[in-house]
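Next up is a structure, given as structure tokens.
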Amino acid sequence: MADAAALPGGLLPRARESAVRRMLANRRVVLGGAVLLFFALAAVFAPLIAPHDPVEQDLLLQYAPPFWSDKAEPGYLFGTDNLGRDILSRLIYGAQIALFVAVTAAAAAGLLGTVLGLLAGYLGGWVDAVISRLVEIWMAFPAVLLSIVLVAVMGTGLHSVIIAIAVIDWTRFCRVVRAETMAQKQQDYVASAVTVGLGRMGILWREILPNVLPLLLVLFTLEMGIAVIVEAILSYVNLSLASDFPTWGTMIADGRKYVNQAPWLMILPIVCVIALVLALNALGDGLKDALDPVMRK
Amino acid sequence: MSWSFLLRRLLLAIPTLFGVAVIVFVLLRVVPGDPIAMLIGPGATDADIAELRRLYGLDESIALQFVYYLEDLARGNFGTSISMRQDVMELVLGRLPVTIELCLFAMLVALALGGAMALAGAYWRGRAGEAAVDGAAGFVLAIPDFLWALLFILFVVVFALDGLPISGRIGHDVGFRGATGFLLIESLVRLRFDAFGSVLLHTVLPAFALALPLAAIIARVLKTSIAEAMTQDYILMARVKGFSRARIVCREALRNALVPTVTLTGVQFTFLVGGTVLVEKIFSYPGIGNMAIDAVINRDLPLIQGLVLTFAVLFIATNLLVDMSYALLNPRMRHG
Amino acid sequence: MSGAQITSAGMPSNGPILSVRNLHLAIAGRHRDTPILRDVSLDIVPGEVHGLVGESGAGKTMIGKVILGIQPSRARITGGSVRFDGRDITHLPERERRSLMGRGLGLIPQDPMTSLNPAYRIGGQIADVLRLHLGMDRAAARARALELLDDVHIREPARVLRQYPHELSGGMRQRVLIAIAFACRPKLIVADEPTTALDVTVQRQVLALIKEMQAQEGASILFVTHDLGVVAKICDRVTVLHGGRVLEAGDTRRIVEAPQHDYTKALMAATPRHDRPGDLLQPVPEALTARLNAEALAYDAAPGAMGAGHG
């Protein structure tokens, strides 16, 4: 995802190369990227590395504590939950769901927001007025409640979760892309493109979009972090997937119920959510710093 | 502050409210997914469904439904809750004070915490103190309110802090039933300090969970604004007057940094209000946020509709409050 | 050099209120320090208005800031001393520096538009120095603030007291700042180009006001300006500065009528004069500026080797 191919085609290869080097020199990019990679590998190779079936119950082995306890059960590194399911395996499969939702939901929100933002920023006039007003009204809703209601209306399931995140968070992309498009529009290269005779859509596609791409990459990374949180929230209130399916949010919700008997049930999925979200935030902020000179060009 | 300014803001809220009402309508009636299917479980007969459709006016055309809907809203008629069999308006108004009190308390915490962090960072600018404040703000900000709530609960359980309740709003053994719902204020006015203490203890954790992200944002923005103010000529003048650095930061610079801070953090106050939905649920705090999740789980359409609208009104009211404080803080606007 | 009763040690009561001796100052950079002041010396006796003249970049504002102890943190005093009222204040700790303010030192700033705090009323901004340095209570400070506004010829002082800075014109604000500068009867006031930012007509009034207040209160003033015409009107003595070096110093009349240094002559030619209104104004010749800059650099290379220029 974060390789050179994602960078604007309008830049010279040299500038592209230095942007990559700047990214790799940024401590936050490297650190965030490493944690993200760790979770991504766990997600991709889940069937290979998970020691147990994540939904297999073993009622004789309830509440086995994790490895740091004396009573830990061998073979169950992070212990088992209230139904005797292996927590490590559930966490690994949970990463799969978290990352899948993060990528697809952020992409959907980004697509919707970018298209509307480009149109509003480039066309201006009544198109801009309508879209800006829509963004304003959208901001008057409590995002969490809205997502819960949306999923309740559409029915539970991952597709609802993804649609809900996209429908709610497109405004983040729209506002930034609109402002950036307006700024880019003022610059000479667009003026020269106009004289060369590219059509309006041609200018949007060939001149403006490549130049807002670095910004989009940053927003996309940050949105992935938000999507991870929203998915956890929806699982927590039991609206994401069927409850035996191992999502981090479901695990947190289960842990909340048995927090007095087995606090580790809640600790581990929370740690996973926080680690992934911190990594995505660090990556996003680091990319913003590293790409800033590119954006100013 | 001028009344015309306030009036203008109020008038501007009307189209937004209308837009919100339209979207709620679209969301609950037009979006694919039959609201009736949502309302009733499996095993209902066709006759039951037809009966329900008529009851909720769903057999009319969408346009007509919309007109009835607006008419009801204008009259303040939000219908009857299906799960609780009570007037939605009554239910919501009964719980609203709980959430308002929680939000105001959380906002105070955020202001105090964020303000203290910003002042400390500005005072020790360029030294370890500033780095500590920046690091803390960055970390706190990355973790959303609902995870803070869960972390607090874990903390209380793991360290057996039995003095800090993690559920409910007031101890069962405290025989105090407020007449207003604003228990914190009411118990204080009635000099029931036992009740006040109990509510306060129950409110501390949810309020801090809500407040932390906002406090971090305030700390960041305010610190930057103070640093910006510190480069101004009037600060040089204050140094020539012989004021101490603490006084210059806290009095001369802070006051001028407040206006840009309010503009930049205003929207975040509404996020705090939105955060109550989950945080109340997690702490079983009996406000409208908790009620909203129950309404969704019970598929209580009229109640969901009433609560979404209530939250939208709360959001708009919060924005209004922010705008008003902006006008109060800026001498140019007070007299403009 | 005139004012010859001055010696740098042992301060008699009729000695200078301010004595700057061989002051060197540099701005710390990433790789090397940039010298700003080079061996600057000047003295101000009680009751004197002392002009400090030079073009922008000459370092004259920096001298004023060093005296007040508000130079930027990257500015380092690399040599010499500043004595005020008989004590060495060159490297004064912050707390002691603050205690000098108000009753010892004051400032009339360059830009009145930005030098008052926009968040507070005029009355409060005058009263706070009175309360801090003279220990007045709220009512006494208010009464005195009213008096001060009257002293600087502000009409309806009671109303202005309740106003915010943005409600006043630039000239009015500079009057308020003059009132603040004189509020605690300081011994020395640094006036840092106090009329530059004002309209021409207002400039004249403010200049007259500063002179009137100075005569009334008896403070000394270090008057920093680029305008020899203003110096001729208000100053007793003048120090001419270029590139951080003192080129010439002496009584105003002597400097104006018989300037010794080429640069002073050039500066005179560049200044409009009311006694000879028809004269064409000559900018300072580039060749002269180049020569002076080269001299300054040579001085940096071999400090002390060049004694030239000290009138």
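To keep things simple, chains are lettered A, B and C as they appear, and every chain counts its residues starting from 1.
Everything that follows uses one rule, which is that a residue touches a chain if its C-beta (ideal position, glycine included) is under 8 Å from a C-beta of that chain, and two chains touch if they have at least 3 such contacts.
Bear in mind that the values here come from a model prediction, so they are computed numbers and not experimental data.
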{"item": "Joint neighbours of chain B and chain A, given as chain labels", "value": "none"}
{"item": "Highest C-beta pair count, chain pair", "value": "A-B"}
{"item": "Identifier of the chain whose CA centre is least distant from the whole-structure CA centre", "value": "B"}
{"item": "Most distant chain from chain C by Cα centroid", "value": "A"}
{"item": "Whole-Å gap between the CA centroids of chain A and chain B", "value": "25"}
{"item": "Separation of chain A from chain C, taking each centre as the mean of its C-alpha atoms, in whole Å", "value": "59"}
{"item": "Chain centre separation (chain B, chain C; CA means) in Å", "value": "54"}
{"item": "In chain B, residues with contacts to at least two other chains", "value": "none"}
{"item": "Chain B residues within the chain A interface of the complex", "value": "16, 19-20, 23, 27-28, 31-33, 35, 38, 139, 142-144, 146-147, 150-151, 153-154, 157-158, 267, 270-271, 273-275, 277-278, 281-282, 289, 292-293, 296-297, 299, 304, 307-308, 311-312, 315-316"}
{"item": "Of all residues in chain B, those that touch chain C in their complex", "value": "232-234, 236-245, 252, 255-256, 331-332, 335"}
{"item": "Residue ranges of chain A touching chain B (in the complex, touch as defined)", "value": "133, 136-137, 139-146, 148-150, 152-155, 225, 229, 232-233, 236-239, 252, 256, 259-260, 263, 266-267, 270, 273-274, 277-278, 281"}
{"item": "Chain C to chain B touching residues, read off their complex", "value": "68, 70, 94, 98-102, 105-107, 109, 111, 114-120, 128-129, 132-133, 164, 166-167, 177, 180"}
